[in-house]
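So, here's a batch of structures to check.
The following pair of complexes shares a single chain, chain A, combined with chain B in the former and chain C in the latter.
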Partner chain A sequence: MRTIEQTTGEILDLAAQHFKVPRASLSPQDDFFKKLGIDSLQALEMLTRLENHFGIELPDFEMQGVSDFRTLASRIQARL
Partner chain B sequence: MLDLSKYESLGAALRDALKQWPEEVCLIEADRDREKARLTYRQFDESARPLAAALQARGFKAGDRAAIIMTNQSKWLISAYAVFYAGGVLVPLDYKLTPKEQLALLVHSRASVLITEYPIWRALIQTEEFDKRRIDFAVVTEAPAAADLGGAIRWEEFRADREPDFVPRRRSDWACIVYSSGTGGRPKGCVMTHENYLEQCAMFPALYPVAPGDVYLSILPTNHAIDFMLGFFYQFVSGGTVVHLRTLRPEYVREAFAKYKVTHVTLVPLILKNLQKGFEARFDALPPRKRRALDFLIGVNKRFTRGRARLGLSRRLLPQVHEAFGGKLRAIIVGGAFTEPRTLQFFYDLGVPVANAYGLTEACMGISVNDLKPFRADTVGKLLPRVEVRIVNPGGDEIGEVAVRSRTVMSHYLDDPELTAETIVDGWLMTGDLGRLDKAGHLQLFGRKKNMIVTIEGKNIYPEDIESAFEGLPVKEFCVFAANYIWPKHSMVGEQLVMALHPETGRALDEALHAEMAARNQRLLNYKRISGYIVWEKDFPRTASMKIKRVELAEQIRECLDRQSVKAL
Partner chain C sequence: MNSYTGKSLSWEVREGVVEVELHRAPCNEIGTEMLGDLEEFAKALETFSRETSAVIIHSTRPAGFCAGADLRELYQGAAPLDVEARVAGVREFLHRIHAVLNTLDDSPLTTIAAVQGVCFGGGFELALACDLIIADKMARFCFPELRLGLIPGFGGIPRLRRDVGNAIVRDLLLTGRSINAQKAAAVGLVSQVAGEGEALRVARATAAQVAKFDRATSAAAKRFAKPIPHDELRREIDLFCEMFTRPAVMEGLKKFVESTDALPYLP
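Our next item is the complex of A and B:
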């Protein structure tokens, strides 16, 4: 079982890879809309990648109101 | 399509539609790449009638209000039909609102019944403000077997064995209460009559006819006026098929077009732009020779479709593009927010029939739509049949406020005669949008007169609603505005919210205050956030009852400060 820190770290790795930004530029408290300059559909695209990575399914509405990596990690962690 | 002039209510028209095409598929529910349900009109009827009977068995009667908070799925439509069958008034609420916002609208609408999904219900009952006594009962779908439902009834078990009684309604009776906004301060519950919907629906066949075998892809929320009309009522009374996709993820939206051979879809600009990006990436990845060939074919298509859309020819010239859309697509209607002309042009050049439209919840939905004869990327099309538009107080450039008169205009705002009187003046709906009618009868929009913004996702955001998130901020007073309201601009893209901030006497706007504002802003949904603030050292002008005089304050700010004074948050 992953710890929340591990989950967060893996999310940051994948986000950096997916949006082609340096991993070091991302931190858990970042607002990913602002930091990555993405819209809600691009955030959902990222979510699909995360689902495949973690082997879970997260309905779209779970992303509602989530804008930082840490909260996203806790939503994912709850389903692991 | 059924002859809607014969009908008095949505329920009566839907009841006949279900009998008219019993073996046609009316509804497909898909989640990601999985199909979860497929119902014929007969099966839909069989699912809804026991539900209507159960509502009646619990005392639900004509004029009672039932709220639905659900994602796009078959049970949404089945429940809505059951409510209409029993003569009820439907209150479609946005599942994307926070539980607190949903509760506020539930209370405001005085819905006696709530029909919702289990995760939404769980969030609602865990909210501090939740008061079970406010509703008579709740019906909850898809709850896990062992779940504590907090007194709610399982949708799947909510059945009565007796035949329900069909409750007739008149055209002038209320059909729905649709909230166009007002989650924070002043709820705007548009009271829509059966007449509004029947009249609106009858406008479409002349422009975009639908028949059995046609497939509409529903990806906008069904609570939204557009999807309720085009992704439910219009399809059903025309014998079409609705595909409900329970996700907005671009990869599954793209897949759905081809998988279900979609003929019609309505999109907001955000999704259309995302599709554009996908195509552009594919085109950019082509080897130079193929890219040149593609550009040549696009050029040929442009030449032959200048005067009108020629779908057959476009499909032959650019088969890969059209196959990506399933090969059957006849119309993409784009609405809900302003669409950039270059995005519309991109698709039209590929021969994809993309029609820009304009409407308001207060006008039931549609006011104008492009008929592609010829295609215009710079307008929101011609007026729908039997819709009148007047440009109020036009300037030298003929631009003024767009006012609309039609049988589709709402009855009133629920419990708000003052706002109703401001909005419907002598029978004309004042839209708050600035526009001009050109010689060809096309409506062009240039900006807004009212203090609001519309996001690219089609969400109306009223600054007053945002203010509650900043209540208790250690400042003397503050007020949120649409930036274009303070500094009018003939543009409908990149609209932003700004806060005017009056600091406590002697207190500078320090880092701690900035950090608190940023933190509160962060807690808002991303599309509701303010982009910056201005510091205003004078007292805000107020009415006798101490309400901020927003018009006057905006004027004062405009005189002293410009857009460059806005500090980013």
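Our next item is the complex of A and C:
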């Protein structure tokens, strides 16, 4: 079972890779919409990558109101 | 006609396969322009030669297969009208898109939707009219209509009911959530999941397989296995038009069109 720190780390790795930003520039408390400058469709892409990576379903309504990596990790953690 | 280039889509017959390419920015929204091109395609579909065996519909837009109805056009066209005129306009549009999708559904050719990215609302309904859906692993399927106070109007509910169990029909409709390609395959909506960016290649390989069979036999099998739910489709139009009279719909459309929310696509 992953810890919340591991899950958060994997999300940051994926986000850095997908959006081609330096991994070191991302931290758990970042607002990913602002930090990555992503729009709604890119948010969906990220959601799909996260679902594929973690092998889970994360309904998109659970993403509403979530903007920082740490909270996103907790939503994913609840489905692992 | 072996090839066509329209503003929203183009097609070409290659080795017995009709490849239809959707290319309207931003994500192949279905408004009057796309509908006109789809009607041209529906007319041509009835004339392709006996050597033609399959149709592949795919998108060249990076965002995905199709984001659904053009809600901006719908809102801008409907807003200045009184309720009666609004409903009349919507009903006419629905009859036209239903005629296109029924022609596609009823075609003796084997039809394949090669899906990547967003496949929402009317885009999902276009895919559901096809015989097979091949999706790349980044595809997402969704019926977000209920957030606008509407139901899917391009044949979505009857065709979804035809293809999958009622529990997933209710899940998709009543939550408005999107599901990924793996989930769509697990519930029987998607026949093959392709790697990222590989849906068209897999669709072509599938079309090549389809071409090996006797056309009349394939057409007979399809007619038997895939009856068109005409009565339900007609009832869907009536129900959609009934819903469209409600002020909440125009409020929902206005909110969507004017939204600056980072997640307007998320129901």
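In this section, the second predicted complex is superposed on the first by the 80 of 80 C-alpha atoms of A that agree within 3 Å, B and C clash if a C-alpha of one lies under 4 Å from a C-alpha of the other, contacts with A are read in each partner's own complex, and residues count from 1 in each chain.
As a working rule, a contact is a pair of C-beta atoms (placed from the backbone, for glycine too) under 8 Å apart; a residue touches a chain by one contact, two chains touch by 3 or more.
Remember, it's a predicted structure, so these values are computed and weren't measured experimentally.
S.K.: Quick one: is A:52 in contact with chain B, with chain C, with both, or with neither? Answer first, second, both or neither.
M.R.: Once the two structures are laid over each other on A, A:52 reaches chain C alone.
S.K.: If you stack the two complexes on chain A, which partner ends up touching A:17: first (chain B), second (chain C), both, or neither?
M.R.: In the superposition, A:17 touches no partner, neither chain B nor chain C.
S.K.: Contact-wise, after the overlay, does A:60 reach chain B, chain C, both or neither (first, second, both, neither)?
M.R.: Both partners, chain B and chain C.
S.K.: Output check: A:40 vs chain B and chain C. Expected answer is one of first, second, both, neither. What do you get?
M.R.: Once the two structures are laid over each other on A, A:40 reaches both partners.
S.K.: Looking at the overlay, does A:25 come into contact with chain B only (first), chain C only (second), both, or neither?
M.R.: A:25 contacts neither chain B nor chain C.
S.K.: I'd like to check the shared interface: which positions of chain A are touched by both chain B and chain C across the two complexes?
M.R.: Correct list for chain A: 33, 39-41, 44-45, 47-48, 57, 59-61, 64.
S.K.: Can you list the residues on chain A that touch chain C in the complex?
M.R.: Result: residues 33, 38-41, 43-45, 47-49, 51-52, 57, 59-61, 63-64 of chain A touch chain C.
S.K.: In the complex of these two chains, what residues of chain C are touching chain A?
M.R.: Touch residues, chain C against chain A: 27, 63-64, 117-118, 137-140, 142, 175-180, 182-183, 261-267.
S.K.: Which bits of chain B are touching chain A when the two form their complex?
M.R.: 32, 71, 95-96, 98, 119-120, 246-251, 270-271, 274, 456-457, 522, 525-527
S.K.: Any idea which chain A residues touch chain B in the complex?
M.R.: Listed in rising order, the residues of chain A that touch chain B are 31, 33, 39-42, 44-45, 47-48, 57, 59-61, 64-65, 67-68.
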